[in-house]
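Two complexes, one shared chain (subunit A), two partners (subunit B, subunit C).
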Partner chain A sequence: MGRYLTTLRVFWVASLTAELEYQANFLIELVATAGNLMGSIFVLSLFYGRGQSLGGWSWEGALVVLGVYTLLEGITSTLLQPNLSTIVAHVRTGSLDFVLLKPIDSQFWLSARTFSPWGLPGIALGAGLIGYAAWKAGATPTPLTLLGAVLMLVASLMILYSLWFVLAASSIWFVKIWNATEVLRSVLVAGRFPVSAFPAGLRAFFTFIVPVAFLTTVPAEAILGRASGPWLLAGGAVAIASVVASRWFWNFALRFYTSASS
Partner chain B sequence: MRGGLRQRLDHARRIAAVLLSSQYAYMLEYRAEIVLWALSGVLPFIMLGLWSAVDAGGGLGMDSLQLARYFLSAFVVRQFTIVWVMYTFEEDNLNGRLSPYLLQPLPPVWRYVAAHLSEQATRLPFVALLVGLFFLLYPAAFWWPSLPSVLLAVLATLAAFALRFLMQFTLTMVCFWSEKASALERLLYLPYLYLSGLVAPLALYPEGVRAFAFWTPFPYMVDVPARILAGETVPVLQSFAAMAAWAALLLPINLLLWRRGLRHYSAMGA
Partner chain C sequence: MAPDRMAIVRAQGLGKTYRVADKQPGLAGTLRHFVNRRERLIAAVRDVSFSIEPGEFVGFLGANGAGKTTTLKMLTGLIHPTSGSVEVAGCQPQHREADFLSQITLVMGQKQQLIWDLPPLDSLRVNAAVYGIPPAESRRRIAELAEMLELGDELRRPVRKLSLGQRMKAELLAALLHRPAVLFLDEPTLGLDVNAQARVRSFLADYNRRFGATVLLTSHYMADITALCPRVLLIHEGRLFYDGSLETLTQRLAPCREVRLELHAPLGAEAFASYGEVEAIEGREVRLLIPRERLTEQVGRLLADLTVVDLSVSDPPIEDIIGRLFHQGAVA
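Here is the complex of A and B:
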């Protein structure tokens, strides 16, 4: 375990140094993230401005959901996207061989090799919005709700990671699968809104097929201190199951890896 | 003189045919990827879900059928106005592929235009399939647009594509001076996303925001063609005039930057 932490620090310091060569990008990323957040709040105001609510959620509650989404987007561009987008190149050029030969777990290496600071504005803005909106909604941070909120956020990260990893790992068979993560990203946009705001068919789709509900709505409920036991349990179960599934899928996919030019 | 013109037209037609057919063959090779790109344009359907659930309370000023038709049309219009020239150009520029293109007696921009048009042709059957699926799931929303409105919508979509291409290609010229210019496209995408009508018909925007939006080029890129296709009444002449005005504004800037950029261009690694 200690070895993994040391490796992680070396990895991230190295990639941070490399990325900081492009400091103007940080400004662009900050403006883009803030602008995107303002646009999303504007879209929410289109619904709430006419006195309607989204699936029975209050304005502040909907802002918490949006905050969780922004936080996840930030983590996606900090860790998931920069790391997992390289799997396809490793498969195409055959450099996955070298990854597999390293004396470290290959899934860990592929998932944590780089760290891109460009998602940090999203993480900061998302966390800020969650805090502000939860305070406005009158959520009381008892130790128990805090624990539930943290647990559900971790669960949602585990689910998000597994979805990304499984799609990216499919490139062992289909080298051109990379766009599939764009499809995933575009479907996850639904997570900007509470899942109960959708009609029944879509709600089922976003709960059972692409578990958007567990990504943003359930953590937001936990943050607002009104999560019910069954949903918390379900969130935890889906999270553990999806990480185990991603692990199994990676081992399964590797059996079909025959290196480039073979 | 007239013969000379005819010869030149003939020549241009031949070049266009060769470019389009070779690019089409190339794009067909990537049809699996293009299907995935097409699928990643589901945003209008997600928004339709939200708006139709809200509409159950009534009072939007648009009934649920109008909403469904608008968002389906917005999806179709978006599919045929997607522009990615900035990313290709940036790559060509960084890899030095632009140099051989510049040596040929054909402005490189036509190569990119042909690539976009061929990509749209590759998309066409898949988009038709998705539209069919939509009507299968939601048969009540089915409608036959009248022939004039179809023709007008095609024309408006082409104009929207041309305007968006021109806009992105103008920004693309930054590639001549910077290595990571495509980051700027993220900034241009923001007003496009929120003012074009992809997230909601502009009719549902507050009065002030809508008035402001129509002073920008963005509503003409989705909202206007989509409403024509959905069979709503649109000030057609005024809209086409606005698109022409924006194009007339952007074109000289684009040409100027292209000339300046070429003078600055030294081919990577030179």
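Here is the complex of A and C:
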């Protein structure tokens, strides 16, 4: 375990040194993320123009959902996107061989190898928006609701990670999988809005097929202190199940790679 | 042969069969294949057995597609054998246990593990962490290997700014940092110029002596094999054809040397019949094969009889030697 922590530190220090060559990027990224967020808030405000509400959510509640979405986007650009997109390159160039020859878990290596600081503005803005909107909504955090909120955020990350990892890992069969992960990204955009804002059919799709509901709506409910026990349990269960599934899938894919590659 | 208890690498009846889609070219072929999938089995490696003792330096020869890389991948656990068994450093490679992986290394001339945009030192730090080498010890090893490889400042420059030769040396350093007992080297000198090849070669010999490491090396350059490998394994069409000393093999396989001539004016093939076997004629350039024992005599005659602009003598490329051999059926 200690070796994994040391390795993680070395991984991230190495990638930070590489990225920090370009300081200007940080400012550009901050401006871009802030602009993006403003746009989303504007679109959201259109729904609340004449005292209407979105799927039974108050304006402040919907802002919490948007905050969670922004936070996830930030983590995506920091960890998921830079790591998981290289899996495809590893398969194409054959450098996956080097990863498999290291005495360390290959899924760990592929998922944690790089750390890109460009998502940090998104993480900060998302967290800020969550805090502000939750305060405006009159949420009164207790240790229990805080714990629930953190757990649901972690669960939502686990789900997002697993979905993405499984798609990237399937590049072992279909080397050009890049488009599929783009499709995933655009479906996830639905997470900007509370899931109850969608028609019943889509709502079912976003809950059971691509669990967008668990990515933003359920964590937002937990932050607002109104998540029900069953939803929390379901969120945790879906998270654990998807990580286990991603692990199983990776081992399955590797079995294929190691028995078929030339 | 009784199983050797000392062996560090042992393959017993090793085989690998690939399933390959049997598809006709063109759209029609693709559609037909989509509806009615037909697959062919291709035996890349068949019934290969050998064993290598600790500290041995073994050359692994064969034409492209003979099964060298497939065998190396089975020995390193990257692919599972279809039949037979492998044992390397007391482990079964295909389980890829940490204990096994810490004892081996694989260097591939056409693939690289160093991070492109960073100096090699950063990649080395990553490797040290992954293999659990303490910082002080890893600094000591880097200094030692860098000295052996004649690497200095290059370790602090981004990999993309290094020459091919410097990059290969840095790759070797990264592959050897954890001091593996068994080295699998797949074309480590590929594309390097003659000087860089020679330096890599002397490093490998030095490393093998200093650490008693076992090395299995594939190369297209006969010079690598002659300089380094007292023993060679020759694989052809997936089968092991020869296992023994290099000397015996060269006498058997390459009784001839290749003489390249550049003439003042082009001549027909019949003009060379009395000197040796004509390999190729391209305009004024001629390649001849002349038996070793008659080399001096025939070269003397060539120089005396013809107007020669340039002349060089070399061992024919491994591919040619092997190709000739199997063409003539000299080994079977």
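Note that in this section the second predicted complex is superposed on the first by the 258 of 262 C-alpha atoms of A that agree within 3 Å, B and C clash if a C-alpha of one lies under 4 Å from a C-alpha of the other, contacts with A are read in each partner's own complex, and residues count from 1 in each chain.
Methods note: contacts are C-beta pairs under 8 Å (C-beta built on N, C-alpha and C of every residue); 3 or more make two chains touch, one makes a residue touch a chain.
Values in this document were obtained by computation on a predicted structure and should not be read as measured data.
Colleague: Clash or fit: subunit B against subunit C, after overlaying the two structures on subunit A?
Modeller: On the shared subunit A, the partners fit.
Colleague: Mind working out whether A:46 is in touch with subunit B, subunit C, both or neither, as first, second, both or neither?
Modeller: A:46 contacts subunit B only, not subunit C.
Colleague: Based on the superposed arrangement, let me know which partner A:17 touches: subunit B (first), subunit C (second), both, or neither?
Modeller: The answer is second: A:17 touches subunit C but not subunit B.
Colleague: In the superposed arrangement, does subunit B or subunit C reach more residues of subunit A?
Modeller: When the residues of subunit A touched by each partner are counted, B comes out ahead.
Colleague: Does subunit B (first) or subunit C (second) touch A:186, or do both, or does neither?
Modeller: Touch status of A:186: first partner only.
Colleague: If you stack the two complexes on chain A, which partner ends up touching A:6: first (subunit B), second (subunit C), both, or neither?
Modeller: Second partner only, subunit C.
Colleague: Touching A:199 in the superposition: subunit B (first), subunit C (second), both, neither?
Modeller: It touches subunit B, and subunit C stays clear.
Colleague: With the two structures laid over each other on chain A, which partner does A:102 touch: subunit B (first), subunit C (second), both, or neither?
Modeller: A:102 sits against subunit C, while subunit B stays out of touch.
Colleague: Quote the smallest CA-to-CA distance from subunit B to subunit C in the superposed model, rounded to whole Å.
Modeller: 10
Colleague: In the complex formed with subunit A, which residues of subunit B make contact?
Modeller: Checking each residue of subunit B against subunit A gives 30, 32-33, 36-37, 39-43, 46, 49-50, 52-54, 57, 59-60, 180, 183-184, 186-187, 190, 193-194, 199-200, 204-206, 209.
Colleague: Going by the contact rule at the top, pick out the subunit A residues touching subunit B in the complex.
Modeller: 22, 24-25, 28-29, 31-32, 35-36, 39, 42-43, 46-47, 49-50, 52, 54-55, 174, 176, 179-180, 182-183, 185-187, 189-190, 193, 197-199, 202
Colleague: Within the complex, which stretch of subunit C touches subunit A?
Modeller: 18-19, 44, 69-70, 73, 76-80, 94, 96, 98-99, 101-102, 104-106, 108, 111-113, 115, 117-118, 122-123, 125-132
Colleague: Along subunit A, where are the residues that touch subunit C in the complex?
Modeller: 3, 6-7, 9-11, 14, 17-18, 93-95, 97-98, 100-104, 109, 258-262
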